[in-house]
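Heads up, the next two complexes both have chain A, just with different partners, chain B and then chain C.
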Partner chain A sequence: MYCTNTVSFKSVNKTITMSIPPYTEDQNDALQEVVNIAMGQAGDSLARILGNFVALSVPRIRLVTVEDVIKTVTDMVDNNAKISAVRQAFSNSLRGEAIVVFAQAGADDLADLMGYDTDLDRSAEQELLLEVGNLLVGAVITGISETLKTDLNFSAPSLMAERTPLDQVLVPEQLSWSHALLMEVNFTVESRDFNCHLLMFMAEEAIDTLRSILDEFIDRIQE
Partner chain B sequence: MAVPVTVVDDSKISRKMVIRALPPQWNIELTQAENGEEALAACRDGKAEVMFLDLTMPVMDGYQVLEQLQKEQFNTFVVVISADIQPKAQERVKKLGAIAFIKKPVKTLDIENVLHEYGIV
Partner chain C sequence: MSDSNDTTNLLNIIVDRAHVGIFVVNQQREIVLWNQFMEIHSERKADTVVGQNLFEAFPELPRKWLDRKIENIFILKNFSFTSWEQRPYLFKFAHNRPVTGGVDCMRQDCTLMPIKDDNSEVQYVCFTLFDATDTSIYQSKLEKTTEKLRELSNRDGLTRLFNRRYVEEALEKEFNRARRYNNKLSVILTDIDFFKKVNDMYGHLAGDEVLRIMSQRLASGLRGTDVLGRYGGEEFLVVLPETDMQGAHVLAERLRKIVQAEPVAVEGESLTINISLGISELRDNTAAYAQLIAEADLALYQSKKNGRNNTTLFQPDF
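So, the complex of A and B:
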């Protein structure tokens, strides 16, 4: 989705305004529930490695256009300061990208929470961000895959940004989609000021594929 | 006699998943509630000898329902069914009087085990 060779979203001619039919009420309800379940599993994994209770926000699901993605994400993350971010692509039945955004304070606190020396050098800190990003994304992708009974794989994590303003991390000109489905949840360790966001983006093609996967999921429950 | 059972979840699909997972031979009178207030209303109407309760809901969440049930001294068997599966969430609802905590997506076996344990089925 960003300028990289690891992610290959179908490129979209941005001069053509694509219209994405909205999901039905049942599809939205099912998607919200599936994302709740998957994010809950990710929160549990995080709580286990941090040894702390992790408060989870109610997942937010939005259809965004490339023009408003930065505003939407900035509002969600509520942090115009510098962030660090880890990203992973997922593929197979659904293609997309997951990004874990750490508020800088969160990244600093992570080492302490995990019982490491707090004066980590840069490469140790990077490793920690990658580890936590991978843990969250792995849990969420596995949760979605198991709940929807659909095959999903995910790539190794890569560091997308370190102490960078959010608007320099998400650059519309570098995105290869015009519409994407954005799913977001916020993980907070209240006692420790730790906060990170998991964002998942699926572009046009995946939005349609997900529609039929959700219908199959709903049909299995109606039976 | 049919057991009054209330399934509480703001998500329709989630309520369906719970209802589908109830033991087929269990003779129940089913009520559905979309939030905590509706759940409490069902209790006051005698429609919830057993309640399957989600935690994250608008209007009134599952934790608030448990607190209110304790205050009003209902003898409802409350089984919490939640996507937030952290051990501390489990501890918290047990302290608030829930008999069991089942993780989403719910499985028939998980529900049957709890119902057997408490001699409900």
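So, the complex of A and C:
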């Protein structure tokens, strides 16, 4: 209702699908569509809670290496900026992690948008970030699980960074996988400064599991 | 048929007896289920709370915040969570560590789960409440230990003053701050006169005792914002934020007099200890914080040359 996509999905689908080697074109199209719906629902949830118009970028899906991930996150926010980030794990039929990255300016503006007092104490600010992170991740996970008719659970959110320089948040040596499927989207409240990024990672084995789940989904919609 | 009845009975027992709090509210915030854990810790039997409004039955709950959280679940159909780290508890429950605890009441983590009907509309919100008291106690122990270690790593073992690394870091920070805000900054480098003789004549233990007493006396003469550290064997560095050379000179003379005011008892003898001091201050052309130390060192050297037990201000034409 409040929510819209800034660019239509169709026009960019081709270029995105080309960049995911392990999936067929049908699988890629299906995945892009499912993710678009889920991310759209997340944006809608955010809009309802904030009572504000929320714009989201076209969700991008691609296979990344550890080095790419660092670069991806660095490209999203000003390199020198301090960020706050909330992470949540999801599990059951697909396993992975979702991270919501808030640029510091965004986090400051959030309190105001959510109708809290603007000078929050530290706990209240943390609680607010966790609340919004959980809202976005929960909506995306629920959206994906409902569309694909597969069971997904998610953990309680935890704070992985708080006003931390970006290069200290994701340290390549600490990541145990070599490549992962990354889905990312950017939410903006256009009338305000607020801006955050949602990243979802699925590492090696989940990429294969997702392939068969997508095939079942494609079979269902073609029946 | 009997199988499904058995399962239902089993589930009822498990929900009731599980070692986590489980309770359910409907859209009107009326309690519809209240398990044994909740009964025990709230000291309220299920039949006295079921049917009651959650916030009327428990006025201590953070109503405005929790009510909004529940409402969001009905709207968004999404799980929600609370953590003791941000909000220590929802219900003011006693915990089971009355003796060893150190916290006032049970720390709680909570999961709020939407319960949907066949049309995917949320009918109830189910709370699962976990006792996180142990975790919170371990974490606060860990934080205290970490804080202690950090403190230890900044201190000199013998004198308990800050160590060289810490005082240099403090100087670097003050140097940057002074540059940014155009503040004054000076440093004092001081050294105990003829300290080697104390060591040679009375032994190292006596020398250590002199260092400890000197450290206490120096510390007693400083202001709250000054940072004092042991810089070397018998050398001490004082960082004086927002202080010019004249201010530093007054302070240095005060330190010199405090130190020599009373003799120190060493091995049955009473020794008068003197110190020499060198002072430098931040100038427009001071390139780095290390230059301040080097200049104070040159001034200190001058004090030694002038017969010790005195203070020298650094001059660029030294």
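Worth a mention:
Here, the second predicted complex is superposed on the first by the 197 of 223 C-alpha atoms of A that agree within 3 Å, B and C clash if a C-alpha of one lies under 4 Å from a C-alpha of the other, contacts with A are read in each partner's own complex, and residues count from 1 in each chain.
Operating definition for what follows: a contact is a pair of C-beta atoms (placed from the backbone, for glycine too) under 8 Å apart; a residue touches a chain by one contact, two chains touch by 3 or more.
Keep in mind the model is a prediction, meaning the values are calculated, not measured.
Overlaying the two complexes via chain A leaves chain B and chain C side by side, clear of any clash. In the superposition on chain A, contact is made by A:156 with chain C only, not with chain B.
Contacts of A:54 after superposition: chain B is touched, whereas chain C is not reached. Of the two partner chains placed by the overlay, only chain B lies in contact with A:43; chain C stays clear of it.
Contacts of A:33 after superposition on the shared chain: chain B is touched, whereas chain C is not. By the touch criterion defined above, A:147 lies against chain B but remains apart from chain C after alignment on the C-alpha atoms of chain A.
Applying the stated contact rule after C-alpha superposition, one finds that A:221 touches chain B and leaves chain C untouched.
Once both structures are fitted on chain A, no C-alpha atom of chain B lies closer than 12 Å to one of chain C. Looking at the complex, you find that chain C touches chain A at residues 69, 72, 75-83, 85-87, 109, 111.
Those residues of chain A that touch chain B in the shared complex are 26, 29-30, 32-33, 36-37, 39-41, 43-44, 47, 53-54, 56, 58, 147, 218, 221-222. Partner chain C is touched in their complex by these residues of chain A: 45, 48-49, 123-124, 126-127, 130-131, 134-135, 138-139, 142, 154, 156-158. Listed in rising order, the residues of chain B touching chain A in the complex are 11-14, 16-17, 20, 56, 82-89, 103-105.
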